[in-house]
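One chain, chain A, appears in both complexes that follow, with chain B as partner in the first and chain C in the second.
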Partner chain A sequence: MMTTLSPQSRAATRGWSDITIRNLFVIPTVAFLIIFNVFPLLYSLGFSFTDFRASSKAAVNFVGLKNYADILADPVIWRSFSTTLWYVIVSVSGQFVVGFGLALLLNRPIPGKGLLTTLLLLPMMLSPVVVGLFWKLIYDPSWGILNYALGLGKTAWLTDANLALYAVAITDIWMWSPFVMLLSLAGLSAVPKHLYEAASIDRASKLYTFFRVTLPLVAPILLIAVIFRTMEAFKTFDIAFVMTGQPQAELISSRLYKMAFAQWQTGPASALAYIVLIMVLCITNIYVKYLNKAKER
Partner chain B sequence: MARIRLENISKSFGQHTAVEDLDIDVADGEFFVLLGPTGAGKTTTLRMIAGLEKPTTGRVHINEADVSAWGPAERDVALVLQQYSLYPRLTVRDNLSFPLRSRVRNMSEADIEKRLDYASKTLRITHLLDRKTDRLSGGEMQRVSIGRAIVREPQVFLMDEPLSALDAKLREALRSELKDLQMRLGATFIFVTHDQVEAMTMGDRIAVMNKGRIAQVGRPQDVYSNPRNTFVAGFVGSPAINLLPGRIVGNGAVMAPSFQLPLAGPAASEGAYTFGIRPEDVSVESGAPVEARVHDIENHGIEKIVTMRVGEHLLRAAIPARTTVALEDQIRFSWNPNKVMLFDATTGVNLRHQAA
Partner chain C sequence: MAVVSSRSGRLGNRIAIAVVLVITVIFLSPIYWITTTAFKPLVQATSVPPSVLFEPQITPFVKLFTKRAQLTAPVAPEIYEAAPWWEKLVLDGGERLARDGNGEVVFSAYPDRFINSLIIAITSTILAVSMGTITAYGFSRFRVKGEADLLFFILSTRMLPPIVVAIPMFLMYRAVGLNDTHVGLIILYTAFNVSFAVWLMKGFMDEIPKEYEEAALVDGYTRMQAFFKIVLPEAATGIAATAVFCFITAWNEYAFALILTNRRAQTAPPFIPSQIGTGLQDWTVIAAGTVLFLIPVAIFTFLLRNHLLRGMSFGAIRK
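So, the complex of A and B:
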């Protein structure tokens, strides 16, 4: 005879029900997320409408959209934004070119490929602060190796308002190209070998094969790499902070840091953080649309 | 169109020898089938003809040219693979025109259009031209893949198990389509398969391969009725041939200890042999000399294949579908003595081939 057990007795025989076990795993994670992510997010959203200063005990006043209005009217912040945008373009396109180029070079049978790949990945495993510090040494105007090797005399890479941005971007490219390389390599090695064989039998040139076979297949993963790198580049702080204090070439995150922790303008800083968030969301949304299109094709 | 000649071809990958000492001569306009089990070296042979692999030793000739050192692009061959190899993200039209847009060809749009039109009409894929390839069914994909070969008007068509990924019905349909296409184009086809039905139905000639060597080359009917050895005999033909170890004593075949049957013609010298008899040459009738029990019955619709048990021997016989038999029934059988093949008991070579 079939015995039908009620949910309670089945749970009793096994100790815990599936639902209990599920909750046991899920609840701590959700609680963690709420306490450390969701709550601060909403709390800072609240701050962004006030004149709250985390350094003072003065009464907190609701100021409405004043913080936002002030920021959007501040030419210094707009300069930071345009600097940041230019930095993102230089840095991400540099990483894309170098990373994808390396991946193309590595995507063939070469001796010591595993070791080479691992070595090339090292930069992105380092702490950004460490990377920033030793690139600072490399860029040093009087005894840095870069000026010495290129014979550039005493070029002041990190204090020159026109060069500082590029100096930081080069460092960022050095550090994060391996990430693009890794994703590209995954994409490239997923292209079935028989397609290349078919193309070679069809007498297609290498270039034609690349544009008609390889690129369409790796495009989605390349886009993902670019999305990640764009979001990160927008937030670049540590490298720039360690390397340079050039005020003419201040990135938005450095500006944000100064507002929040040097000047203790917690309310306006929260507002600025939200503006940055919205901008990053808009940009990545454009990418995601392209990504979906690329996938459909 | 072209004649293909392989001369003493061998191919090793490291320690492993995939193809050994191969000689094949494919005539112009011939439908030539390379048949064999997995790992026999068929695909490697085809890839060497295509130029995707370089032979370790030996030469490949297309027409009179020695193309051994040429790359795949220079050989002007078309290759159709089991996995279709359509270019993803491109439409059917782009896939078909892909080989024609090669700079080597320098073809005008009008010419490309003309060839596209011919190929898509031949394969009945005109309605699919603007579709992306990932929206096609398996049969449609394989048609496009064959179409991509046709538009090129190549010297040779090479096909590596193009029908294996398709379901049975489609496979049957495309089988006759391909054969028909080959005859219309008058092109040289080299077709790799492990399916002996495909080989028998399509091939002008078959090369049966085993362990990197050619076991036999011949017309399908010759390979079927006069196999060179027990391997070919066992591989070609479905249901498979009966191979019975026994001895010749006097004028008869003795399958000790269970039964014996007469042989026809001038008997070979007495001794141990392997007797081969195809199921359709075994007859089941009430007056027959040997008694057996029904071990298994397979109903194929047009006939029944009965496996009979005599002592420790199992024997298959093809009987008319309307005959009613049940498992463990007692039946009697005999064989057609004219159709019995004699193979050397140790080497497995057919005596008729040994003499020649």
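So, the complex of A and C:
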């Protein structure tokens, strides 16, 4: 642990004491976060047990656990959850394959590698909603470049109930594969060179070297990338919301948005928000555990 | 992988490079496409087959900043001649610029939204980075009770789904009159970014040897003086990188802006898609708005390139 000068020393007695400074530096931020994150959540926890509608002035009734029971019995919400689950699987595995694949290809001396990597990283820095918007242009059934380039005729990517979710996932893969690539590259470059030399002296096959040397050493960082992307994909709102209104492609965040701000069912929406929140906090917990592990290395 | 000596290895290397180049081109093509669309004549933006070759023009940008109406009759030649070059571009496209009572050109909502985005992103970045920097210093140099739990709490606030937080925030802001205000959004973006700033800055602070300050303390500085005169200059790179990340996050944010603003304080992300669906869509104008909006992020990505890994992993992976 970091220790500071002992309290008796001359230096520590000048000006404010270290303890004052520590409190001054740490407490306001923590308090700020409690006021603007924890307090609102407690507020909505209260609403989740009521039939409150933010759009009406009608009396608010306490309904106990009814909102939670209704949600768990609502097939539309179950469909949203299963859509979201499928979306997470498709999108994160796509990002993993493309991102890790790209990292393997890039993990060698390439002229202009820095520029190339930066260009490849550009998509993940862009605004998801704007990305969703311009992919709409690309996906357009009649004059979009995608159908033309792939010779797909008039495929209606975003209005076809079966395709819409995949169309969104493809956009998400385009946007976030660079993230997996970035982390994978860091993992790959940290593998000690002498391990490869030893493997080649032992005449180990490339495949064997990959599975026995590369993969185990890169695995921890890949895991961080995958957990983070899983959490983010689970929360996806902007891209999907702006790209498609297909009910079959409705993710849980979009459902939540509609319940809260289109139908104004504030009480039930707060209950659903809590269910989502608990799921996200579980993933966050796992994520932070692995992050801290990576830090210790 | 790293050891490439054999002939087959060299060939493999060349193939890998070729594949990477092809993938890079594919990856960048959507960005290329939206960028070129912003410079296309209207008919070529949605032509079949898509036009790759076209004469670039800046009409879409003129349209982006102005309000227009369809021309019902051809303009009189003398009016056309008197119009400035940028107005001619619009007239050529069969539209006229809307003018107010004094004959001044009426601006569209885009510049206002763009300026809102700038004000909100810059202010919240300054606040989040300032708070993040001092808090990170606190965590880095002093013993804080329950440090691990506090840091987890701080990061977890960043992970909350925006819609979940937006429901109570909307009600609370409505109660205190902060809906659709710059201040409201600035506070939220600050809260959202401060957790990130604490984590990232803690990594940078940990890297500054604490002997530097201790030497300063021995030389007669107070701890506050040491912090401002020794630590902050040392942390400048980290502060800059953190600031750019916070700016990009606030600049790109959509969900809070969609729910908590609608006119006065609306930022560009909810505004740009809202232009769609009102009658005939002019994709060149939407593309122009998109391109202008993406330019700052593209520039910052290049400036940040050596810190992307660190930022994206909340400071955990440093390379």
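Quick notes on this structure:
Note that in this section the second predicted complex is superposed on the first by the 265 of 297 C-alpha atoms of A that agree within 3 Å, B and C clash if a C-alpha of one lies under 4 Å from a C-alpha of the other, contacts with A are read in each partner's own complex, and residues count from 1 in each chain.
Heads up, the rule we're going with is that contacts are C-beta pairs under 8 Å (C-beta built on N, C-alpha and C of every residue); 3 or more make two chains touch, one makes a residue touch a chain.
All values derive from a computational prediction rather than experimental measurement.
When both complexes are overlaid on chain A, the residue A:133 reaches chain C alone and has no touch with chain B.
Looking at the superposition, the partner that touches the larger set of chain A residues, chain B or chain C, turns out to be C.
Using the contact criterion defined above for the overlaid structures, shared-chain residue A:200 touches chain B and also reaches chain C.
Applying the stated contact rule after C-alpha superposition, one finds that A:57 touches neither chain B nor chain C. By the document's definition of touching, of the two partners only chain C reaches A:276; chain B does not. Residue overlap on chain A between the chain B contacts of one complex and the chain C contacts of the other covers 197, 200.
Taken together, the chain A residues at the contact with chain C in this complex read 1-5, 11-12, 14-16, 18-19, 21-22, 24-26, 28-30, 32-33, 36-38, 40-41, 43-44, 47, 54, 102, 104-108, 110, 114, 116-130, 132-138, 140, 142-145, 148, 174, 178-179, 182-183, 186, 188-189, 191, 193, 196-197, 200, 206, 209-210, 214, 221, 224, 231, 235, 237-238, 242, 253, 256-257, 260-261, 266, 269-270, 273-274, 276-277, 280-281, 283-285, 287-288, 291-292, 294-295. If you check the complex, the residues on chain A that touch chain B are 192, 194-195, 197-205, 208, 212-213, 216-217, 297. Residue ranges of chain B in contact with chain A, taken from their complex: 50-52, 71-73, 76-79, 81, 83, 85, 87-90, 94, 98-99, 101-105, 132, 148, 152. Considering their complex, residues 1-4, 13, 16-17, 19-21, 23-24, 27-31, 33-34, 37, 46-50, 131-132, 134-135, 137-144, 148, 150, 152-157, 159-172, 174, 187-188, 190-191, 194-195, 198, 210, 214, 217-218, 220, 222-225, 227, 248, 251-255, 259, 269-270, 272-273, 276, 283, 286-287, 290, 293-294, 297-298, 300-302, 305, 308-309, 312-314, 316-317, 319 of chain C touch chain A.
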